[in-house]
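Here chain A shows up in two complexes: once beside chain B, once beside chain C.
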Partner chain A sequence: MNLAQQKRLSFAALMTGPILWWILVLLVPYVIMLMISFYSKQFPFHVPDFQFGNYLKIFDDPQYFQVLLRSLKISVLVSLVTFALAYPLTYYLVFKVRSHRVRMIIYVATIIPLWVSYLLRAYTWKTILGTEGILNSFLMWIGIIDEPISLFLYNQFAMVVTMAYIFTPYMVMPLFASLEKIPRNLIEASKDLGVGRMGTFLRVTLPLSVPGILAGFTFTFCLSFGDFISPQLVGGPYSNMISNVVATQFGIAMNWPLGSALSMIMLFIVVAIITMSDRFERAGRLDLN
Partner chain B sequence: MANIVEIHNVSKTFGSVRAVEDVSLEIEEGEFMTILGPSGCGKTTTLRMIGGFEYPDRGRVLLGGEDVTDLPPYKRPVNMMFQDFALFPHMTVAQNIGYGLHIAGLSKSDTAKQVDEALRTIELSHKAASRPAELSIGQKQRVALARALVRRPQVLLLDEPMSALDAQLRGAMQVELKHLHEQIGLTFIMVTHDQTEALVMSDRVTVMDQGEIVQIGTPTELYDHPASPYVANFLGTSNILVATVREIISGTIVTDYGPNMIRAAATGKTPAVGARVMLSIRPEKLRLLAQDAIVPEDVNRLEGVISEQFFHGDSVRLSLDIGGDTPLVIHHQLSSSQGQGELPPAGQTVNIAVDPSSVTLFEDIADHEPEYRA
Partner chain C sequence: MAIQQAQIANVRRETPNGWHFKWAGFDITGRALAVAAGCVLAFLYIPIVTLIVFSFNSNPITRLPLTGWTFDWYEKAFTNSNLLAALGNSLLIAAAAVVICLAIGVPTAFALDRYQFPGKVFFRRLVLLPITLPGLITGISMLNFFSMMDVSLSLLTVMVGHGTALTAIVVTNVYARLQRFDRRIEEASSDLGARPWQTFIKVTLPNIRNAIIGSSLISFTLSFDEIPVTFFLTGRDNTLPMYIWSTIRRGITPEINAIGSVIVGVSIILLLVSVFIMSDPVKKAGTGR
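Up next is the complex of A and B:
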């Protein structure tokens, strides 16, 4: 066996594991899901078939279509709120905090909730926003309200707040990376050429952080779009998201074909968004060095 | 001529690092001033304080007689060419050049006209719509230069303008920048660590070391009359010898270096007899003598053994043991009549000559000796 053959063999040996994993855990389930999405529902389970009834039902039945729209709306809201919180914070961290250590401490403090169970973090907001919660107690203490109000919990507002809190790190991370990559001398060059702070931000810093903004929006949008814990914990009756419906179809309703079709549509939307953001990113990809 | 830039007793500390310490500098209108020094000597900080990118802890910065210490960079009539050019990667070449014009209140058509003109001057009209990433380094540099000049600043600041270029392009750009300076008559302030660059391009050079100015002068003054062994060694190379003063005879200081006697022309203060002093002799001021050559009485004649030869193509550097602590390096120019083969081989005893006026004597040996002992 010569060196080239040896190299090829060891490469094949190395790749077998990942490829098998990828096939078994990703490709096969997706194919199965795609197939089931064309099956028909037949009591008590389903039968193999090839028909588009499940997909048609999603767009026909306002019950499903409304949920789809609501999910999109909530995801966009969460992304916007997250962005509004994360951009100033990250900007401050990257450009205003002088000490590298302080910057890293604040950054890690922002990221660290990711190591805490998602469920726990979502649950925390239940105790903050509830009638017995901290927010109500505080408002009563400073005298704005006389008795607890139930406005804060079990609605879409609570969902957006909870998800925005949970997904903020996913916005901060790409923003931090892209802002940190902007060479300082570009900002200095802008000022040198007579452009003030605001102009420099709008014409140099912001355009150059677009890749981070795109990545952040993609993360937060896709994560909230697929979320089904927050709706259950803090969402209340009119806050079902698409994932909740999918979970119901595979569970209580025992309608796997419809659940699969819904999942395929979700998958399609998420892949479309990732592809678009990737395209944008490529089109605007810049050599910052 | 009037001073366009004046720096008065400026100091700047970063954390515990003293970057610039009580620096004062006056730069005349139309002058090409170079601030020269090794990295960390404070030259870039000084330049950045003129540009407004650093705020001095103490001292004032004046531009055209006006105190601009408290003005942000975007309100100062200076422009900077940045070390790695700092072209905006998301804008075209034309947009880069026109960036500062639009803000200055120029109409769109006037901006376009000036940008066109600038592009023609740097011969890059065909690259107007290109992104900086598509340009060669030399082209990038021209765009950066055009972008800084198009705003017609009172002073152009250049931060290590050649550091990104390769050796060949560097030589060409040095000449080009010098010509440009002569043509437009603008004040240029350049920062560099490259002594050749400083010597070739500047009207005057400011040498800095450890946050302080060591010497200011024309390239010739600095080269021929360095104020300290540090300057002597930073600008070009120099033989630094520690010798002992034997006697002082009417304007000439006679010293002993090993078995040899070296005379130096007295320029400043005269040292005491018996004092230890430092002598600085440029390698090219030392002449290799033929065995039977006769030199005038007032020229130093030294004897030594060739220890090594280094071939440099057009010249040879000889290392010569003349009996002192440090070997002497001689720069010997080869010519059509004499190739390397005709030079005496290593191990041979030779005579060399040097004029006393080419021997610079430094008194304050204590300040500098440790640096050269190793």
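Up next is the complex of A and C:
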């Protein structure tokens, strides 16, 4: 038995099981979801078919299309808010904190909330923002307001705050990694050449942190786009996201074909965004060399 | 607090790389950044602190001012048989999910690191898809799959779902460690007469051990916390997050704060252990045993 054969044999021994598993639990379910997205709904369940009605409905019916647009808008807003929160923090950590130990402690401290139950983090915002909640009772207690304000909870504002809170660590991680990688001598060189601090930031630091920004936007966008728990907890009546509509199709609405079509569209959007940010990042990397 | 004071102290002695304006000897930008960073950290921790504080507050309504100290909510939580059953299910599922993740994830990481095979790029993308896609999509595709195969939903389907959704975490961590691993050590081992399995047990395994333990802990925590996949794949039995979810929707009770605080404590301990294990540098590489 030669080396190549031996290698092939060991690969087969190692991977036959896992490859079968991946095909069975990953590839096949995606294919089935794609198939069902072409089925037609027929009481009480659905029947095999091949038609594009489910997809057309999503783009025709303003009910679905509006929700799709709203989800995109909310997800972009969440990404922007997490960016506005994470960039100053990460910049401060990387460039202003001198002690490596302190920097790592604070960095881990920003990541830890990620490990605190996701559901509970969404839920605490409900207890904070509600009319009977902590923020209102605090404001009344110190005498700023006399009556509870109902504007905090059950709207898109509450949704953006909650999701931005939950997903900020996902922005911090890639930003931190990319800011840390910036060679300090580039920044010094820029200053030696007489560029001011602001100019150095705008023309050296910021462009070099673009890969981190892209990754952060991709993470936070995709995560908020797929979140159906926070909208349901804090969103109220006019804050349905596409993911909520999908969940409903597999619950009370019992329209699996439509739900599968919506999931395929979500899958397509997410994969497109990931691919694009990958491309941009790679293009950016080439520019630097 | 001490950390933040240390940061502020550090600002005064900072390196000249940063972006800062000086006024009368004060580093205004540095100060502003420090304040901003402090605010973001506060934003990240206030909800968690809130959760813990109100789990000890005697008022059944979560509002300020605090009324008094109590352990009642903890007592209630730990005598609630539904909650305990859900907790048991969650622990069982998380343990099973870790077993699946390791059984599939470790061989997959080896295959990606060491073998060339047709369709490798596609395979790699497919395997990493569940951590990039929203959990909702994994959940729905598997729901479609199980329903088409006439598998009835139970804790078993949840286990398979979690295994599928989380294996990529083991794959990425073990793969990263394998990439940094010096293959010459394995060659040396076989030159010295070790059989392939001996080399694996005595040389390879000790080197990737930390990645395996660390990613197992992460997978466990994530499975314990998982909702989107569970939501679609669970039958009659509840997991803890699903139980909490159904309770929250009926109204807020401090009991949830109590069980939440316990989860927070346990997750943070697990996380710190896994960070500690995984950050262990490769300095020991080469001392196979």
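In the analysis below, the second predicted complex is superposed on the first by the 282 of 289 C-alpha atoms of A that agree within 3 Å, B and C clash if a C-alpha of one lies under 4 Å from a C-alpha of the other, contacts with A are read in each partner's own complex, and residues count from 1 in each chain.
Keep in mind that, in the parts below, a residue touches a chain if its C-beta (ideal position, glycine included) is under 8 Å from a C-beta of that chain, and two chains touch if they have at least 3 such contacts.
Treat the numbers as computed from the prediction; the structure is a model and nothing was measured.
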item: Clash or fit, chain B versus chain C on superposed chain A; value: fit
item: Contacts of A:A189 with chain B and chain C, given as first, second, both or neither; value: first
item: First (chain B), second (chain C), both or neither touched by A:P207; value: first
item: Chain A residues touched - chain C or chain B, whichever exceeds; value: C
item: Overlay on chain A, chain C to chain B nearest C-alpha distance, Å; value: 6
item: Footprint overlap on chain A, where chain B in one structure and chain C in the other make contact; value: 188, 191
item: Complex contacts: residues of chain A adjacent to chain C; value: 7, 10-11, 14-15, 17-19, 21-22, 25-30, 32-33, 36, 85-86, 88-89, 91-93, 95-99, 102, 105-106, 108-110, 112-113, 115-121, 123-128, 130, 132-134, 136-138, 141, 165, 168-169, 184, 187-188, 191, 197-198, 200-201, 205, 222-223, 225-229, 232-233, 243, 246-247, 250, 256, 259-260, 263, 266-267, 270-271, 274
item: Residues of chain B that touch chain A when the two form their complex; value: 51-53, 72-75, 78-80, 82-84, 86-90, 99-100, 103-104, 131-133, 147-148, 151
item: Chain B partner contacts - residues on chain A that touch it in the complex; value: 183, 185-186, 188-196, 199, 203-204, 207-208, 284, 286-288
item: Chain A contact footprint on chain C (complex, rising order); value: 3, 6-7, 10-11, 13-21, 29-30, 33-34, 36-37, 40-41, 43-45, 47-48, 50-51, 54, 61-65, 103-104, 107-108, 110-111, 115, 117, 123, 126-127, 129-130, 132-137, 140-145, 148, 160, 163-164, 196, 221, 225, 227-228, 231-232, 241, 244-245, 248-249, 252, 256-257, 260, 263-264, 267-268, 270-271, 275
